[in-house]
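Two complexes, one shared chain (chain A), two partners (chain B, chain C).
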Partner chain A sequence: MPNVRKAAVIGGNRIPFARANGAYATASNLDMLTATLDGLAARFGLAGATLGEVVGGAVLKHSRDRDLTREAVLGSTLSPRTPAYDLQQACGTGLQTAVAVANKIALGQIESGIAAGVDTASDAPVALNDGLRRVLMELNGAKTPLARLKALRGLRPGQIVPEIPRNAEPRTGLSMGEHAAITAQEWQVGREEQDELAAASHRNLAAAYDRGFFDDLVTPYLGLTRDANLRPDSSAEKLAKLKPVFGKDLEHPTMTAGNSTPLTDGASAVLLGSDEWAAQNRLPVLAHVVDAQTAAVDHVHGRDGLLTAPVYAVPVLLERNGLTLQDFDFYEIHEAFASTVLATLKAWEDPAFTKERLGLDAPLGAIDRSRLNVVGSSLATGHPFAATGGRIVATLAKLLHENKGGRGLISICAAGGQGVTMILEAAA
Partner chain B sequence: MSLAGLYVKAAVGAVGPRSRELPSTELMRSVPVDRAHLAAYARVCGFAVGDVLPLTYPHVLAFPLQVELMASRAFPLPLPGLVHVRNTITARRRIDAAEELDVRVHAERLRAHPKGAQVDLVAEIAAGGEPVWHGRSTYLARGASAPDSDKFEPPLPSGIEDGPAVATWLVDAGTGRRYAAVSGDVNPIHLHPLTAKAFGFPRAIAHGMWTAAHALAALQGRTADAATYDVAFAKPLLLPSIVELRTRPVGDGWHLDVRSRKAQHLTATLS
Partner chain C sequence: MTTDRLAGFSHTPIARLVGVPAIPVLRRHTPGAPLLDGPALVGAVGAGTFAKQARALLGEAGIVEAGNDGKVAAVVLDAAGASTVDDLSTVQAFLTPAVRRLAPSGRLVVIGPLVGGDPEAAAVAQALEGIVRSAGKEVRAGATANLLVVEPDANIESALGFFLSGRSAYVSGQVVRVGASVSGAPPADPERPLTGRLAVVTGAARGIGAAIAATLARDGAGIVAVDVPAAGAALSEVANRAGGTALQLDITAPDAAERLLAHVRERHGRLDVMVHNAGITRDKLLANMDADRWNAVLAVNLRAQLAINEALLGSDVLGETGRIVCVASTSGIAGNRGQTNYAASKAGVIGMVRATAPRIADRGATINAVAPGFIETEMTAKMPLGTREAGRRINSLRQGGLPVDVAETVGWLGSSASGGVTGQVVRVCGQSLLGA
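Now for the complex of A and B:
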């Protein structure tokens, strides 16, 4: 087995993210993922190329989309001899696909690969009512007319109502927003700081678009050239006028539609490879994947909040790499909700929490906030669940390349009480 | 007038005196691409929903003008009963849905055929004045007469006689209605068994251009932006049907073949 090597981030491509039932209302996950792969292939001259692997995924997925990523590859300009598979880990999907591809490259099992993710809230799967589904399955298995008749006796008028996917945790019944509101209250995250973070996200994203930062990261799709959720003129004052939508039963509800991410449609893809493969194909290396860590918490019966797993993942990642939280030039903390980012930062600064819950002698400490989400994040771009990881990896790799050095930290919280984190460093 | 209205008008006017020569009329129109319509077309034919127009899509932009021209009394062949026998599309480059397109349609080459008379409806599409797409639809009017032509008739694309199918399609009974809804081709032979019977078909038949588009969609990601898609329609594809697609790479292009156990429906080259 060859020595372990660091996978190179060569570049990325995504389509602008659209608000649900907006510009991409008629597009399926397969359409968006195919378009995104084609855009990446066009950008890096990969038409007809056989890559080591494409790993992709979607969170809201139709049953017909079995092997979605492979189907997207088959419909793309990539060689049909490029293998592909699906992966799913809620909002961690996109970053976890990058971990999967990078690890195979690191081990020398593949020389190149694409990590991708896509999600649509507009073309979401609506399933048969479960009672009706059971009747139909029984009917399908019935071998005699009598058995068929017996199966049909299970039909009820109410079964006409389909199952619609809900943005709720299966075991708690609470939506992500309600979970986040509980965490926000626990960490006493104020309304004002949430609105400021949201306004900064819009401001930073707008400025980045204006200076052309996304010119080689985003390909227009279905008439959209920028993320539809972006409000360049957003301000903390304007956001302060919005009414709370989550945690309304709490004493001081703080979470609004403005400091929470909206339901979004979109797709992203990242091209990774070995340094040798990049050189052979005359492709740039923007950054290298240093390491990654996934963690999970017991958000059901334990004390931890649904979206707090990255709080646990990052200290492990730092320890293994001999780094402190301050050793980074850029922090990309996914803005599921503004309060999630702020609660995460507060937890790392809290001596009692870090001692008791993280088992550390000293808190990780504060970060330089001017290095946080410097070209905007999910509050401004929107958050098509599985597409967020790829958006962030490509964005951070480019930031590091522009910076001509340095190191960046990615932290993405996910439903199910999970979190995926990664360290990138600029290519020498 | 709606396309359905034009069909009715043409059906009513089918009896009676007609011109013996092709009108010199050229119909022109600006055709903005409606993205919702493009998406609906892509769904029905099997293309991915995106910004690039499928090679066959401009045909449905030009089709209403074709019908308008053919439904007029000045047109020598009666529209009801015209059979689409061949279609040749040449795209010079990819066309984006955001481009402003102008369509021009005219008829040419009215000529004798062993079974009647043939005519070509030619559509030219320009983007900002630049010619980008050319379509030639050949229709046959059985039993009609026309002068012989000494012009060279390009040979029909040959079928793929051997080898396994690359795909089996279950073409359901609603295919004709769905394609009619996105193409505007509401010829009754495609809509329902009863209306098809009135025109002598045992069941409704699929639109040739749907079959051509669906076959092309199977090659998504493997075709050049600038290409010629030459399609010959053989026996009608009765609905519903189970048919097989065969493809074979030839040079930089492809041969395509769609047939059922009993009949050949389509042969095509993409080059």
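Now for the complex of A and C:
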């Protein structure tokens, strides 16, 4: 067994995120992922380079997107000799690809790799009606004219209605927003604090763009130079005027289109490598991957909310690394919904919850909120599911590098009751 | 880019029949192409020191010297020793039969002395400019005429090689001073003369800048392609094609020079060729000019170049054979209606180049300006038809230049072998009537 080493985060690239049916309405996952890999290659001089591996994924995939990442590599400027595979874990996909690449680097199995993610809600995989699909499959398998006729008897007018992917949990039938609304009520997350968090996200993202923070993290695409969802003039007061869209049957609905992420199109990629590979190629090391933890909850039968798995993952991560929740300079908690972030923080501060559900003697405690999502997060950028992880890893690595030291925590909730978390530390 | 339809039409039988003059197809450099397509005629007035250098260069390139008749691909006259009006008669006696033999896309290169000394010698030296500039307007079928004004200890190899080759297709009527080299040596691989050199190109996302990045990469240079973040999509394509890196940077930002040098230091450790190509136009008649238009143009086209040069020359990043190449414009020389701001910036660049050259010679660095004339780009494609046609035709080659023509000139000046050329302004304009 080789010695384990910490994988280096060298840099990242993403295309500006677009609201669904906007600037990228006609772009496919393959188009966006390929462009993002090419932008990363341009930033780090990787044209023609053979890397150890590219791991990517998408949540909404067409059946034609088999081995999407490999196809993107073949369409990119990277050497075709760079292997690639797909991975999928709902909104955790992007961060999980980084875990996969970092672990192989840590074990010495590869020297370099790219973790990537892409999603489009505009070019979503609308499929054949399942009844029609069965008829066609039977027809395809029929060997005699009679059998074919028999198969065709299964045709019904209603089969013209296609299968449209739903933003709903298969086992509960509730949308992510409805699930989040339940959790928000459970933790009594107020409307005001949600709107404040959303406004801060927009404010921070706009300021970061203005100071050139994203100059080496984002490459324009199809005419878009900044995230289309960004509202620099957003304020808690303006957001307060929006009507609730989720949990409307609840007593005090609080979740609006303003404090929830919209459907978004986009892609991101992160370049990882060993310190030696980075040095050989004269590439910067912004940060190192310290550790990662994935968790899952039983949101179907249990008491836990759909998007609360990171609440469980982080204590494990802290324990294993001998850290407290306060030992971080930056916190990147994915803003699927403002209420998700706030409920997560409340859970860590709650003595009863931490004792009973997390099995801890004391709560993790509060964090310094001025260190949370300091250059904006998903509420402002938008959230192309699998692309969010890569956006956050590259962003946090750059923040740590700018800070010339320190440690950062990433927490991403995912559908299916899962969550992926990671610790990065600044490179010495 | 719009296509030059007249150029295509001019080669059809109908065009010939009605007497439309053929617009020449220029001989441009392609990798592996010989220096010249045929033999060269070399002559000298006086000692012929430079004729010797010319013969050595031609010999090395495998170009034979022409006999007494037949077409010649180039005429090289070493008139560095000319000092009397009688010598000019010798020049005429040599050139008259020589230019008659010049093949299509031929090259006439005259080597003359510095203007100085006694009045007659000065007159003769200056007279050579008149001869070459007039000859440039007379030679046909894509041929060019240029003058190298040499110091006695000049090494003309790099300059002469450029003006003979297809790299100088759209450069005619130019006078370039060549002195002793401040640094550098001939390239190990003449086919890829920029091998091992690192070039930074600003404004590289499209047009002339993109061509510079591609051409320098073709010749072996590593490329850092710089442009504003908003142009990043096109920039990354340019960088990937050049096998280089893209740096999204607004060069007018207060910390731009610092960020540029930090990037170069970290990724490459050294910078050999700095190409200041980024430029914008905000045209308005002087009477209607506003401060925003004025300042924006000056900030990108001039102030950024000054700031980056200052930081670069104050750092340890510039290599031992550093070359700075600034893209100016014939508008900066001739002026242009509606372009007081642009012409100010481009003329300013020329002033900066001339003032900087002597200050950096002792560290082996050169600085030169390339002034494009009418170059076929997206920018010229947007011109009104009449203006565009006029721009294309009022030059000796009767056509617009291509971005690659500017790029080739930049590549020549960026070579380590070009240490004898500094403080010069080379127009890439097909000998346009503007700014002549």
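Here is the rule we go by: the second predicted complex is superposed on the first by the 428 of 428 C-alpha atoms of A that agree within 3 Å, B and C clash if a C-alpha of one lies under 4 Å from a C-alpha of the other, contacts with A are read in each partner's own complex, and residues count from 1 in each chain.
The definition used in the following text is that a contact is a pair of C-beta atoms (placed from the backbone, for glycine too) under 8 Å apart; a residue touches a chain by one contact, two chains touch by 3 or more.
From a predicted model like this one, the values you see are computed outputs, not experimental measurements.
Once the complexes are laid over each other on chain A, chain B and chain C cannot both fit and instead clash.
Of the two partner chains placed around the shared chain by superposition, chain C is the only one that A:216 touches, whereas chain B remains out of contact.
In the overlay built on the shared chain, the residue A:77 is in contact with chain B and with chain C. In the superposed model, A:43 makes contact with chain C only, not with chain B. After overlaying the two complexes on the shared chain, residue contacts for A:27 are found with chain B alone; chain C is out of touch.
Touched residues of chain A, counted separately for chain B and chain C, are more numerous for C. Of the two partner chains, neither chain B nor chain C is touched by A:196. Look at A:169: by the touch rule set out above, it reaches neither chain B nor chain C.
By the touch criterion defined above, A:265 reaches neither chain B nor chain C.
On chain A, the patch touched by chain B and the patch touched by chain C overlap at residues 35, 38, 77, 220-222. By the touch criterion stated above, chain B contacts chain A in their complex at residues 35-36, 39-40, 42-43, 48-51, 97-98, 220-222. Here chain C touches chain A in the complex through residues 225, 229-233, 235-237, 239-250, 253, 266-269, going by the rule given at the top.
In the complex of the two chains, the chain A residues touching chain C come out as 35, 38-39, 41-45, 47-48, 77, 212, 214-216, 218-222, 225, 282-284.
Within the complex, the chain A residues that touch chain B are 26-28, 30-31, 34-35, 38, 74-78, 80, 220-223.
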